[in-house]
Amino acid sequence: MGDADPVKAIVTPVRLEYQCSAGRAATRFLRGLAQRKILGARSRPGEPVYVPPRGADPRTAELTEEMVEVSDRGTVVTYSIVRVPSENIKLELPYVCINVLLDGAGIPFFHVLQNCPLEEVRIGMRVRAVWVPDAELAPAVTSIRYFEPLGEPDVPFEEIEEHT
Amino acid sequence: MARDLGEGVLRGLHVLEYPYKRSLGPVLGPFFTALREQRILGIRTRTGRVLVPPAEYDPETGEALDELVPVGPGGQIVSWCWVARPRQKQPLPHPFAFALIRLDGADSALLHAVDAGEESRLRTGARVRPRWAEEPQGGIRDLACFELAE
Amino acid sequence: MRDVAIVSFAQWNGIEPERNEVEILRPVVQEAVERSGLARQEIDFTCSGSSDFLQGAPFAFVLALDAVGAWPPIVESHVEQDGAWALYEAWVKIQTGEVDSALVYAFGKTSSGDMAEIQALQLDPYCVTPLWPDADSVAALQARLFLERSGCSDRELARVAARSRRDAMDNPFAVAKGDFALEKLLAEPCRVSPLRDHDCPTHTDGATALVIAAGERARGLCERPVWIRGIDHRIDPPALGVRDLTRSASTSLAGEKAGVRRDRLDFAELSAPYTHQELILREALGLPASVRINPSGGTLCAHTLMSCGLNRIGEAALRIARGEGDRAVAHASQGPCLQQNLVCVLEGE
Amino acid sequence: MAERCAVVGIGQTKYDAKRIDVSMPGLLREAALRALEDAELGFGDIDAVVVGKAPDTFEGVMLPENFLADAVGATGKPLLRVHTAGSVGGSTANVAISLIQAGIHERVLAIAWEKQSESNAMWGLSLSPPFQVSVVAGAGGYFAPLIRTYIRRSGAPEDTGIRVALKDRQNALKNPYAHVRIEDVTFEKIAGSPMLWDPVRYLESCPSSDGACALVVTSEAAARSAPRRPAWVLGTSMRSEPNQFHRRDAVNPRAGQLAAKDLYQQAGIRDPRREIDCMEIYVPFSWFEPMWMENLGFAPLHEGWKMVYEGATALGGDTPVNMSGGVLSSNPIGASGMCRFAEAALQVRGEAGEHQVDGARLALGHAYGGGSQYFALALFGSERP
């Protein structure tokens, strides 16, 4: 003791616990997933359906209280092939991260595409959700294991371009 | 992770946890190195005040400081409070005092824990001395706590 | 300087685990905007205050934009401070002449975590945070110094608590309220001596929003605009063992710059989460006994971390707008032991 | 009505992955003292301090400017803390400038910083509460799909990003403060670096850095007594839009377009490509250079990549971009925006050293943050407006 190298750094561990609320809007969405349903929300008929719902339309802050079920099929609006590990994702590398616009939805959301050779992933590709077995269904995004190609003809870029 | 409370809104535990690593620079480095050797250092300002813990700069003017000087190890309680129900992360598992302690030779006070057994033994102005950690790591907790010196 | 007035105010405080931050904030922002008489798109500037540590994850304010309706894009800024500093930034922006009106909001969902513990992360991260002194303990160190220096007793602290809780009964957004006998309060055991439970704040979730506007714009929007006659903020050195904790030098200085003593005051709304801090602040601002303190019940009765300072300003404006006074001082504070303070002098016409 | 404002002091730290030689106060003071020295002022001359930083969770200190108040000479002064995600360095400078323009202060010190090595940036950025669980892998995971869309829309050649990265990495060799300096950088070296978030390669991505940047901004009267040539503020602008909404164009966001339009209007700029001499813009992934060229009005829609191809954005080109090496070479997140402003101001002062653009009179500083949602811009000029 005392003859070691000078102290140049210290480690100060921090551990804080929080009880988070999903909020009312996201709760409805998550509970839907536990029943294999993808629920979005809109302010009124004719307005875009937000999936997942955010409680309000971010453009206007208008409440989006009308729940609308959307399809579990959709179109790849854009994607990237992830080849770098990150702390929050436990997937084997590389994997494909897609922004998928579900049929009936007004915004795309991020998920993972599997069962598709990397070189075949493309913008406009039609995909569908693959759900976990019934026993594993839970009010969580993980109830959708991943998306996979649907084999339908691609959607022209012009039709989805505005949804990036 | 999510707790399902029936019909209510979903709630879940979120943990923010990280072992933050803090580089120390030219003043706190020697301060913690000295603590590991059971010595306490302060720093002298241009006007002659001695600050403990030492700062790289004068708190009033921002002027850079570099004259480290030994202080303590004994000192005097400037203020204190009695922590009847210690939290798990705090220095002592049983009731103790947090105190502002002016070490001998210092002009400012250091915040640390005082192990006094019971509240009635404490008073402002009481003399204290350090109790050193058995396995120093280089850090403020190399001072395990202070104890009454009377 | 341009004349700037508070033209509308809305708030919500309470413990509601069900709603998330955006759901708490959205109706409050909407109410403030509606009450201002301006359409959302007519408001030139938006500024908010919040802290990521209340939710333990980065970018709390980014999602909060959903509560505002920021489309088409808005001129916007955010301070990682109590919303009172967001108000200051908005006031500055109006002074540049670039904008005439602003929406200011703040929010904090304190029920998600242990606020007394989380605030240990505001202290010196090298020498103090590793000891995890909770906010109550840190305030108690200040309280003992103050009691010993001033000769005040715990009875005087209890008087502050009793008065605040009694006044809070008239405030639907206060959470700690009721008629409490002094003797009963003094019979409580200490939480962290010398502080008892009633000396410490009741943490609550909350959101505050207000709209400010310049000169003629403000006059056209409401009958009795509440003018910001002076606003200033100052900070003291952080180290608890360096500054005189029994006085608030930064409050005195900010008060002087804001013109607190320029005229008679009817009441004050002070951000004093702990009873002894009210006494320190009264002294720092030189408030005579005739000035009513915290008619809302104050921060002691509803501590909405990150929005309580803006809330004081809103509460003071609300009372002036209702004609319950003509001139008031509102104060916001953040940092351990009243380290940083903002003082705002409000006046009705 | 607004008072004129000028930058009279500029200070930057050496940027590095881990500045283990300094504490947090030491890091801020390195930049602050250099800015003050440049302006030949002391802390005592400063009226107010504005501090900017990205999330507090990076360093694990809540509202850290409070514990740093005396380190930056703010005792007894007003201190503001700005946080607008990645654009915060720019917003911080703009808030400081507004304190001068409002006529409230004469001399304001603005400091932006990040000490990412206290934790880990990938961890810090992926930290999300339950229910927001996301498959997005850090900033690259979020922005790579936008780049993919840009490529699809514009038909840009696949090597555009490599060309930008090569230019910025070569520029960084002329900047003594730059973090990433690859002496033998070549097109092949970048092309051969690992693909991280396809189409973004390792050497097309920004690093994670420790660093701080400081500016002393003053009123016109105070600028007159400045020892060196001031950089005059010709305009500032900020715009924000929500993170996600129906038909949001996140590749070419409206908020960025409006911020630019506002700025040019303030400065009387009609043709930015012709009138603005050079710029420092926020390019954390190489492809953002052509994307921002379009967003800022320097290139027609879908043609930003042509500026890269023609060499227009190179140090010797007609519109040099990121002469300092940019965010690709140094990225202390909270400070990165202010570094852009500082480097733009250095150019119009003629003090950018080896990476000086000859005769630069007008320089743009640009920062963005969030999901391409927050924009902060400023235009600096060598002549008083």
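Things worth noting here:
Letters A, B, C and D mark the chains as written, and numbering starts fresh at 1 in each.
Note that a contact is a pair of C-beta atoms (placed from the backbone, for glycine too) under 8 Å apart; a residue touches a chain by one contact, two chains touch by 3 or more.
Computed from a predicted model, the values in this text were never measured in an experiment.
Any chain bridging chain A and chain D, meaning touching each of them, is among B, C; the list is complete. Shared contacts of chain A and chain B, meaning chains that touch the two of them, come down to C, D.
Farthest from chain A in terms of Cα centroid separation is B.
One inter-chain figure worth recording: chain C and chain D are separated by 33 Å, centre to centre, where each centre is the mean of the chain's CA atoms. In this assembly, the C-alpha centroid of chain A lies 38 Å from the C-alpha centroid of chain C. For this pair, chain B with chain C, the centres built from the Cα atoms lie 29 Å apart. Within chain B, the positions touching two or more other chains are listed as 1-2, 8-16, 18, 20-24, 28, 55, 59-60, 139. Residue positions of chain C with contacts to 2 or more other chains are 17-19, 53, 55-57, 65-66, 70-71, 112, 117-118, 121, 124-126, 129-130, 237-239. Chain contacts: chain A has residues 8-10, 12, 14, 16-24, 26, 30, 54, 57-59, 140 touching two or more partner chains. Residues 8-9, 12, 14, 18, 20, 22-23, 26, 30, 48, 50, 54, 57-59, 77-89, 91, 94, 97-99, 106-107, 110-112, 123, 140-142, 157, 161-164 of chain A touch chain D in their complex. Interface residues of chain C, counted against chain B in their complex, comprise 17-19, 55-57, 112, 117, 124-128, 130-134, 137-138, 140-145, 148, 189-195, 237-243, 245. Contact residues of chain A toward chain C in the complex are 10, 12, 14, 16-26, 54-63. Those residues of chain D whose C-beta lies close enough to touch chain B in the complex are 18-26, 29, 33, 43-44, 57, 59-60, 70-73, 75, 117-120, 123, 127, 129-131. Those residues of chain C that touch chain A in the shared complex are 17-20, 22-23, 26, 29-30, 40, 53, 55-56, 65-71, 111-114, 117-118, 121, 125-126, 129-130.
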